[in-house]
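Notes for the one structure printed next.
Order of writing sets the labels: A, B, C and D. Residues in every chain begin at 1.
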Amino acid sequence: MLEELKKEVYEANMLLPKYGLVTFTWGNVSGIDREKGLFVIKPSGVDYNKLTPETMVVVDLDGKKVEGEYNPSSDTDTHAVLYNRFPNIGGVVHTHSSWATSWAQAGRDIPCYGTTHADYLYGSVPCVRNLTKEEIDEVYEKNTGILIADEYEKRGMDYVATPAVLCKNHGPFTWGKNAHEAVHNAVVLEEVAKMAARCEMINPQNKPAPQELQDKHYYRKHGANAYYGQNN
Amino acid sequence: MLEELKKEVYEANMLLPKYGLVTFTWGNVSGIDREKGLFVIKPSGVDYNKLTPETMVVVDLDGKKVEGEYNPSSDTDTHAVLYNRFPNIGGVVHTHSSWATSWAQAGRDIPCYGTTHADYLYGSVPCVRNLTKEEIDEVYEKNTGILIADEYEKRGMDYVATPAVLCKNHGPFTWGKNAHEAVHNAVVLEEVAKMAARCEMINPQNKPAPQELQDKHYYRKHGANAYYGQNN
Amino acid sequence: MLEELKKEVYEANMLLPKYGLVTFTWGNVSGIDREKGLFVIKPSGVDYNKLTPETMVVVDLDGKKVEGEYNPSSDTDTHAVLYNRFPNIGGVVHTHSSWATSWAQAGRDIPCYGTTHADYLYGSVPCVRNLTKEEIDEVYEKNTGILIADEYEKRGMDYVATPAVLCKNHGPFTWGKNAHEAVHNAVVLEEVAKMAARCEMINPQNKPAPQELQDKHYYRKHGANAYYGQNN
Amino acid sequence: MLEELKKEVYEANMLLPKYGLVTFTWGNVSGIDREKGLFVIKPSGVDYNKLTPETMVVVDLDGKKVEGEYNPSSDTDTHAVLYNRFPNIGGVVHTHSSWATSWAQAGRDIPCYGTTHADYLYGSVPCVRNLTKEEIDEVYEKNTGILIADEYEKRGMDYVATPAVLCKNHGPFTWGKNAHEAVHNAVVLEEVAKMAARCEMINPQNKPAPQELQDKHYYRKHGANAYYGQNN
C-alpha cells in the first residue's frame, strides 16, 4: 500500500545524510496521504544505508502501525500530532542537525537577522519550553507535538508561514507541503541557525532585520504577488 | 545570440556550488557584452543541476528580458544598476555565502585585518545601510544597486579596487572584469569574512593591518609595479 | 592468533579517518578477547592507509606485546588499565578529535545540554585533572588509565552509562561493548562537544537539560524499558 | 637539474590543496639541496592544477632564479633567508590557512594548550611583529625572513623544536627536514590553531598545559628517548 508515498518518503529520508543533517540514525522524515488518513515514516534506529522504500512504515493518525516489518520512528507520535493539528502540511522532518540543535540547547528563538531567513521562515523560529516531568512521564512524544501546536496558537503564529520549530534541549522539527519540502526547510533552518549564531558573534548587539525588509523578501517568494522563480 | 557569453556565464554560475558559496538556488552570476549593451544572467529559482548555457537569460541595461525561455534572476535590476554605474566591470555575483552574509546580518564593514584581504580588496569591505520602507516598496532591487553605487561615491571609494560590498541584513555582491573574476572575488570575500570573524574571536581588541602593509600587498598584485604572478 | 578480532579492530581503526576523527596517526582503537585475556591494538605511528588486519598488535593485560611485527600504540598501557578496571567493556578508542580535544584543553566537563548527549552519555562527560610531574615521570600512560578509573569511582559514576572521558590538556578516550561501539561513542562525543560549545556561544548563561529529560532519553534507548530501535 | 627534488617539491605543493590549506594559489612549498646550495620552489600565481614537476623553479640562496620557465613564488626571498639562517632545515611552507592566519591577524602567539601541540611544536608558536614602513619599502620579503630568524634568536628559541611561526597580519610559515615534513607541520599548525581558538572560546581563562606534560609529549616523540612510532 501507498507505494508511491513510500518511495517519496524514502527519498526524502535519504536527503538528510546527503545534506549533512544527520549523524548515524538521528533523524526521520514522514509524508502523509491525507485522503487515506495514513502517513509513512522511517523505521526506528535503522541505518540510512539499509533503508529502502519497502522498509518505510505506514501508521495511522493515532501513530499506530498499519503496515511494515519494522517499528516506526520513536518520534512517530510527535509527527501524528503535527499532522492532526496542522491540517495543511504534508511532510514532517526531525533531525539533530548541529546548528539548529545548538540553538535548541541554548533555549532561544532564532531571530530573523536577514533575508535568507525571511525568504522561507516568517519571523522568529520559536523555541518551545521543556515539557514538565508529568508531561514527559505521561506520553513524551505525543506531548512534544501538542506543545509545539499549542505554542503556535498561543503566539498567534501561522504554521505554514513559519514551518520550523525548536524543542528546548532537544532539536528541530520542520514541515512542508510534502516530505521533500519539509527536508528543504530543514536545510534552510540549519543554514539560518548557523548564520544567526555567527552574526551575533560578529555583533553581540545585533538587531533583527527591519520588518519591511522581512516582509519584502517573504512576499517576494510567497503569496499572490510573488515574483521569485518561474511560476509567475 | 551571445552564445559565447552565455557559456561563460553558465560556467561562472556553476562555480558557485563548486566553491560552496550557495545553498539551493541562492545565488546568481551575470556577465556583460559592453558593445551590445546587453548582459546574460542566471534564470530565477532554477536548480544548478538543471542549468545549461541555453537557460541563461539575456537582458538589457534596464533589466528587461531580450531573449530567453525563463524569467531572469529576481536580482536582475541590481545587476543592471551596477553595470550602469560601474562602467569598468564585466561581471557581477550575488550569493548568500555563509560568512559574508553573517557580516551583512551583523551590519558591519569587514576591516582589513591582513594580507589575504589586502591582496584583493583595498581597505574595508563596506556594508551599506538598509533601504527605507519607501525605497523597498518603490523598486527594491533597483534601489539596492543605487544604494551600493551611491555608497562608493559617498565614501570616495574606487569600485575597481574594492570589488565587494555587503547589503545590511541581506548578503554580499561582488564584481570583476568578467563573470569568472567576479566569482573569484566572491570566494576571496567569503574566506576574508571567515578569518576576520575568527581573528576578532581570538583577539576582541583587534586592529586593522597597518596601512603600509595593506598597500604593499595590494600593489604587489595590482598596478604598474605589480610583481606577483607571471605577467610582469 | 585472534584473526577475527584483528579484522574487527582493523575495521574499527579505519572508521576513525572515515568519520573525520583523526589527523595523520593521532588515534588508536583496541578490542579485547576477555576469555584469552588479550587485546588487539593499532601499531604506533603507522599511517592509516598502510594498516591491514595483519599489522594489528596483540598484547596482554599488562600491555606487553604477545604477537605482532610492530610496536603497539604508545597509549597501550592506558587501554590495558581501562580493560582491567572496567570489566564490562570490550573496546577502547583514543583520538585527538577537534571539539572533544578543545574541551579537554579547556579543562572542563561537558555538561549535558540536550537529548543528543543524553541518548548516549549519562550526565556530564568528566574531564580528569592533569597528572602530577611524579605521575608523568613514573609511568605516564598507565597512570592516565588509573586516573580515569579512579575518577569514575570518586564521582560514583557508572562507566557503562557514561562511556567517554576527557584527559585535561590532552584529549578524549571512549569505550563500548566492542571496538565498533567504542568508535560510535567517539563520534557521538565529538558531535556533542561541538554542540555544547556552540550553545554556550549562543547563550553564555546556558543551563544543562532538566534531569527528567535526560533520564527520559537515556532510558528510551537503554535498559529494560528501552523502546528505541528494533530490538524491543 | 635537480629532477628528484623538483618532483618532491611538486608533490609537497600538491599536498596543500589536498589538506585544505590553500585557496586558489595562496601558498608555496620549497625544498633545498644543501650540497648544491640551490632550492626548488613553486612558480608565482600558477594554479595548482597546472603545476607539474617541470614548472618548479630552481633558485640560489640569494633567491635568484637559476633555472625555470616561470617566475618563482613572490615569497622566494623569505624562503632564501630561512634556509640561510636555519641551516638544519630542508623545506619551507607558506600558506594562508584559515585558523593559523586568523591567529596571525589577531597578532598573538599560539599558547601550547595541549598534547597535540606539544607532540610537534615545543612551546608557544611565536607571532612576529609587523615590519616597519622602511622595512617593507626596502625589501619586504627578505626582511620578513630576517624578522623571523631574529625573533627566534631574541627569544632564545630552537627553530628545529618549534618549526612554525606567524607573521602578524599576514600568515604562517612552517619548515622541516624536507618539503614533506614542512607540509606536515603546516597541517599540524592549522589543527593546533583551530583547537587553541576553540578552547579559549570554551574557557576564556584558559591556561597553557603544564610544562611537565608538554615536555613528556615532546620528548615521547623527539630525541634520544623517544618511544612513539616504529623507529626505536
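Note that contacts are C-beta pairs under 8 Å (C-beta built on N, C-alpha and C of every residue); 3 or more make two chains touch, one makes a residue touch a chain.
The shown structure was predicted, so the numbers you read here are calculated from the model rather than taken from an experiment.
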Where chain B and chain D overlap in contact partners, by chain label: none
Contact-graph separation of chain A and chain C, given in steps at minimum: 1
Equivalent interface positions on chain A and chain B, same or different at half: different
Distance-maximising chain from chain C - centres being C-alpha averages: B
Centroid spacing, where centroids are CA-atom means, of chain A and chain B in whole angstrom: 33
Centre-to-centre distance between chain D and chain A (centres being mean Cα positions), rounded to whole Å: 46
Residues of chain B touching at least two other chains: 200-201
Chain contact graph, described as a line, ring, star, complete graph or other shape: ring
Chains touching one another, given as label pairs in label order: A-B, A-C, B-D, C-D
Chain A contact footprint on chain B (complex, rising order): 23-24, 26, 43-46, 70-71, 74, 96, 98-99, 101-108, 130-131, 133, 136-137, 140, 169-171, 197, 200-201
Footprint of chain D on chain B - complex, ascending: 113-116, 184, 187-188, 191, 194-196, 198-203, 206-207, 209-210, 212-213, 216, 220, 227-230, 232
